[in-house]
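In the two complexes that follow, subunit A is the common piece, with subunit B as its partner first and subunit C second.
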Partner chain A sequence: MIQSVDVFQDIKTAMPEVATAAFALWLLVFSAFKKHQAFAVASFLSCAFLVGIIVVCFGMFGQYDEPVVAFGGLYIQDYFSLSIKMLIALGTLISLIYVYFDMKQTQIGRFEAPVLMILSMLGMFFMVSAHDLLTLYVGLELQSLALYILASFNRHSYKAPEAGMKYFILGAIASGMLLFGMSFVYGFAGHTGFGVLEEVLNGTTYNVGLTVGLAFMLVGLAFKISAVPFHMWTPDVYQGAPASVTAFFAIVPKIAAICLIMRLLNGPFGGLQDQWVQIVYALSMASMVLGAFAGLVQTSIKRLLAYSSIGNIGYALMGIVAGGADGGASVVVYMTVYMIMTAGTFGVVLSLRKGGVAVEEIADFKGLSKTSPFHAYAMTLFMFSLSGIPPLAGFFGKLVVFKAAVDSGYIVLAVIGVLTSVVAAYYYLRIIKTMFFDEEDAGMDEIQIVPYAAQHGTLVATLAVVVGFCVVPAVLIEYAEVLVRSLF
Partner chain B sequence: MLASLVFYTFGFILILSSLFVITARNPVHSVLFLILGFFNAAGLFVLLGAEFLAFILAIVYVGAVAVLFLFVVMMLDISFADLRKDAMQYVPVGLLVGGVLLIELTMVFMSWQASPELAQNIAHPIDAAAQANNTKALGLILYTDYLLIFQMSGMVLLVAMIGAIVLTLRGRSGVRRQDVSKQVSIKRADVVEVQKVTSGTGI
Partner chain C sequence: MTDFPLLSLMTFLPLIGAFFIMLIRGNDADVVQNAKNVGLFTSLFNLGIAFYMVALFRPDTAEFQFVETIRWLPSLNISYHMGVDGISMVFVVLSALLTPICILASWNSVHTRVREYIVAFLVLETFMIGTFCALDGVLFYIFFEAVLIPMYLIIGIWGGPRRVYAAFKFFLFTLLGSVLMLVGLLVLYREVGTTDIPALMEADIPYELQLWLWLAFFASFAVKMPMWPVHTWLPDAHVEAPTGGSVILAGVLLKMGGYGFLRFSLPMFPDASLYFAPMVFWLSVIAIIYTSLVALAQSDMKKMIAYSSVAHMGYVTLGIFTATTQGIEGGIFQMVSHGIVSAALFLCVGVVYDRLHTREINRYGGLVKNMPKYATVFMVFMLGSVGLPGTSGFVGEMLALVGIYQVDTLVAFLATTGVVLGASYMLLLYRKVVFGEQKNADAAAMKDMNKVEYLTLVPLAAMTIWLGVQPSIVMDRISPSVENLLRQVHNERPVAPAKVEPNIMDPKTGIFVPIMPTDNTPKELISDEPPIAEQAIEEQADELNDEMNNRDADSQVEDNGAAE
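Entry: the complex of A and B
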């Protein structure tokens, strides 16, 4: 690894973060002085900036064949972090399009929403580039704090403050757990840098205090990805937050958190694999089972998607359990596919409005095949993909994860994964049944379709990826294998 | 001898005032005991030779946080006695969970073993010349080695500030705001009207 000393060199290495921070500050001041249409202008500028950030990350690719550590070992830039940042920026871009049109319809839009999303993205960038426990923690806090505010953004709803408050208090407890665990690790090693930790921890034999610290850290992080049994906040927050903000919650922060966990467990804690594998195994299994069974009884589409995301995190964790470059690559593939599928699903949900607000109940989908065949068929494809039916993208996501698990000898976990995805298929297919076979109720004509071309364009794009993935599945899988190489 | 006497005095008052914080009936008394607790904790930091942390504790926690608490407690009309009534039912579960955790952590600390590289790692960021004065030592590394974290913390605080404004600020109607340029640029004709009033009639 190259250790740079020059601060300008460091800034160049951390270009995506520096640019994002500068843009967020500028946008905040610019929008505050803009009297009219501040929300629309801020959203548009943010979208343009996000496209720019993706290009910047792509352009930086060539210079990071070898990981570069900057800011005195606090920050790392490599293939992995750059690729994941592109993914995060893409997810934020899609969410921002949803947020703009959703808040425009519900008239709660203010320019702070895009600013907070950009700042949250900045936190996620630091999470995937963390090379020190401190960077990890502050990045995580920056990300979560912006999300807490976004959750209660709609002050006119009585559910939104509840969602924000629940998220905030439980998030604060989780952060406390994480810090407590970190203090154990620091107490053992005397350092918080990943590089030093890796050296110190690699040679250690079993140590109770260190394992307790690791367990506490995993509890804190499991909360952030809403893995069972730390998932309790997810359905309430998803239901209470504005629908487009829920989409943001479901699509983006989880990628950052899962990638952070991968870097943490394979880097500094790589030597303690025997200890963390059991914890992650249990989290994975519990998430898959609960995600599948609790989803069966839901009537709200947002709660259903919350349980779906809990289940999906279980599958992603299976890839981490499998370990090694194959496991890591499978996680990246799974999360990418999950992001696109979920973005598409939320795209459909957000396109259907009832009294200006996105539809809430599964019953609202009754007879959609007649009122809007395009949305009904799009939703059908996303649901098939989420339940893992070939040849859609979701199938390949599950396939690589299961394959990695079986190759590493975790056959029981893989079998449970297959069984729970069969159970989960029930509730995905139930939505299809509701759309195509249920008679519409008397109040059905209230459902309106949003007229915005950009939102439908996003929907079509995600649909194209989900369907077209089977043509070139190897591209993403091979690419994922290359980029996780910098982790191992 | 003297040092341990001071330590036990600070420690005893700290524990005692913490107890009063949660048992005092009047919430204002609770906050005042909290402030006493902070000062004693600051005293313990001084004993440890961490005078910078002691200052921070006194300035930030006593000067800002506790005073803010005091304002909130005095401004909001919350009946803390009612809140506490319901809270009592959770005490047994809380004690059970807390007790189990305490026993477990005691066991962990009893068998605590640090890494052999600990001493060498822990000394890493501090310049030997600044050892004697930890305010200086912190100052030397905070803006150099830990520049990134420092700036990131600034962004976290910015987000908190945006959040406070977003969640509470609302546009009010019917508020008269002072507009200096409007006041200055006003013409006599805009505000004064001369009327000829014939005697015996009104305007």
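Entry: the complex of A and C
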């Protein structure tokens, strides 16, 4: 591990964050003074910036064969963080495209939306690069605060403030728990830096205070990834927020939080693996089971996808339970594939408008196979992929996770995982059934298809990845193995 | 043997055809006609390749032939490994044979979303052939499970009134079984370090683990087969599916279960197979007797044939798990025969269903008067299903019974009663539909078979009789593979060099190195230790050197001779 020496080098190391922070602040001021089309211009500039950030992260790759620690141990930059940042930026880019066109249709678009998304992304960047409990907390809060506002962005709907409020209060409790846990850890280990913690905790015997601290921290983090039993906010927030913002919630923040958990548990708390494995095991199992069964009775597509995301987090946590480089790589693969599938699913949902708003009910999909076959087939493939049916991408995500779990001897967890995937398959199939098997009602409102090429382009691109993944699965899977090496 | 990747061509050609069908533009009538033409042409071409492969196929060896290996997921040691032996070759041909017949069968009977229908069948063909050709466990699983996607849509979109229920039941039952197999496969991977099927076949797996793994794989194949008591999805799926769907379901998809038993359960978990064999026997006997009785009580033609399928599959499992030559060969032959006969029976039902839109047995009667040709063809298949000597049904059933008689006479006795029951319901069906009074005027007014129906049914009738008279065309090709399988089951070490030539990845370089099999133990074949590959190369080099030396010596002798 290299320690950077002066402040310039620190800034250079933290280039993506510095650039993002500067851009977000500049954009805020710039847009505030722009009288016309502020939303469109801000969105466009943000998209361009996100592409730039991906390029910057890619360009920085060569210099970080060894992890570099900056700002006196608060911040770390390595292969892992750079790759995840690229992924996060990509997810934000896709979401921003959705948000722009969605808000343009519903006419709630304001330039704050892209600014908030960029700020939230900045928080996520800090989360994946956190090398100290305090950086972790600050990153997490920055990310969450921006998301709270985004959740209640549609001021004209009575559901939106409810969603924002619920998210905020529950999120605040979670943050409190996290801080409480951190204070315990600090009290017993005497430091908040990951590097020091790792040295101190390695080889410690069982210690009640540390375990309590760790448990509280995991509770706080479980809130953020909506793992059962800390998932209650998810369906309401997903339902209340504008559909495109929901897409953002579903696609991006979870990647950052899961990666943060991975770094935290395998780095500083690596020595306490016996303790945290039990907690994560329970979270994983509960999430998979509840995600599968609670989804069965949903009629709203957004709530359904909320439960779907809860279930999917359960599978990702299974990879963390499995532990080791294989487990870590499987989590990265799973989350990447999940991001693409979910982005595609939301792409379909957002393309179908009913009275200007994205479709809400599963019943709205009735007869879609006749009115818009392309969207129906795309949705079908995404649903099969989410159920984990080969040869689509979702299967490979599940395959690597189950493989990691089985290799580490967690066969019972893997069996529960596959069984819940069968239960969950039912509700994915139900959507396909609605589109293909049900006859169209005569009195139904027409579903309009949005005319935007950029949005359809995104949809086609995600579809291509989901279908084409089976041809060269090695690309992602081997890459994931390389990049998690910096964690272990 | 050619180096051309024939198997991949066969597997993915239908997919290419499907792609082109999706591209067709124009007015609706043209699209429909072109889609049908392209679909039929593609599948017939594929059938042609299948016959070409049969011609190239060497029936004297149990080796995998037409083998292709491409790096696919090297870090997980999973490769795109395809190949066929006698057992899989038979099913590949069966799949290639039935797909064009299904497309022909829908020629005049499917009117909605014809283009999608043809695409679904072509995609299905890709997955079916892939399943039978895959020589890697994960690859097998991918094809095996992917079959659900087109089949779910075929039942759900073009099915009967209760199609939604049937489609869900089919999908979820099968998926539930399959996912357990996936976990089993991953455990197997952990144990052996590869999912390469030839390597797994030679691996020694601890007895305790074998039992668990056998159960995991059994869950999948038993549902697919389907065995009693997890057969309940089959009657629903058959009744609701369109004719083509029923044909493929009965003809090929059910065979995947039996193929799985032959490819995984028996060779990989031989001890567990022998341990669980009595359970399988009794499940099979219950299936044979119980479902035959249920079939006897049906008033719906398709349902009756569906239950008869379960009974016939009972003979297959019975035969396979006897682990005797006769039993296994009988099981395979029974699968082939059933694939042709029951597929044809569903087509026969489709013929009258298209005219009268009912499958009630009592609505028909006396068809022999107005549809004599239909009555004749139907009779051939009915007798084939009964297992009359001279038809294909007899050979498989007989051999399976001979096999089981060597193992368990009581089971054999009970299973034989199924033959009588089978005759009783099939004859009943035939009597009620074809003979008797012409009760209903509309049934009496039906026209005899048209050209398209001829084209679908007559080849199958010919095959039924041909296979019954000359079963050796199948038997000769499968028997070396069956012998090889039995050797694996009974844990006999190969005397001759092992008949598989696994390509083992050198972990250092990531390159697949073909190993000349020596008499090294199977454990070594699949272990991760790098020296083996090098060792093998060294050995080869040594052999080469020896040969060179000998040659030198010979030439010296010759030189000396010349000098003298």
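By definition in this document, the second predicted complex is superposed on the first by the 486 of 488 C-alpha atoms of A that agree within 3 Å, B and C clash if a C-alpha of one lies under 4 Å from a C-alpha of the other, contacts with A are read in each partner's own complex, and residues count from 1 in each chain.
Quick note on the criterion: contacts are C-beta pairs under 8 Å (C-beta built on N, C-alpha and C of every residue); 3 or more make two chains touch, one makes a residue touch a chain.
Bear in mind the structure is a predicted one, so any value in this text is a computation, not a measurement.
By the touch criterion stated above, A:D407 is placed in contact with subunit C alone, subunit B being left untouched.
Contacts of A:V200 after superposition on the shared chain: subunit B is touched, whereas subunit C is not.
In the superposition on chain A, contact of A:L399 is made with subunit C only, not with subunit B. Once chain A of one complex is fitted onto chain A of the other, the partner contacts of A:Y427 are absent, as it touches neither subunit B nor subunit C. Shared-chain residue A:F436: touches subunit C; no touch with subunit B. Counting residues of subunit A touched by each partner, subunit B versus subunit C, the larger count belongs to B. The contact sets of subunit A with subunit B and with subunit C never meet. Those residues of subunit A whose C-beta lies close enough to touch subunit B in the complex are 7, 10, 14, 21, 24-25, 28, 71-72, 74-75, 110, 112, 115-116, 119, 122-123, 126, 132, 134-135, 138-139, 141-142, 145-146, 148-149, 152-153, 155, 164, 187-191, 196, 199-201, 204, 207-209, 212.
Across the complex, subunit C is touched by residues 380, 384, 389-391, 395, 399-400, 402-403, 406-407, 411, 414-415, 418-419, 421-422, 425-426, 429, 432-433, 436-437, 470, 473-474, 477-478, 481 of subunit A. Taken in their complex, subunit C has these residues touching subunit A: 71-76, 138, 141-143, 145-146, 148-149, 152-153, 156-157, 163-164, 167-168, 171-172, 175-176, 179-180, 182-183, 186-187, 189-190. Interface residues of subunit B, counted against subunit A in their complex, comprise 105, 107-109, 111-115, 117-122, 124, 144-149, 151-153, 155-156, 158-160, 162-163, 165-167, 170.
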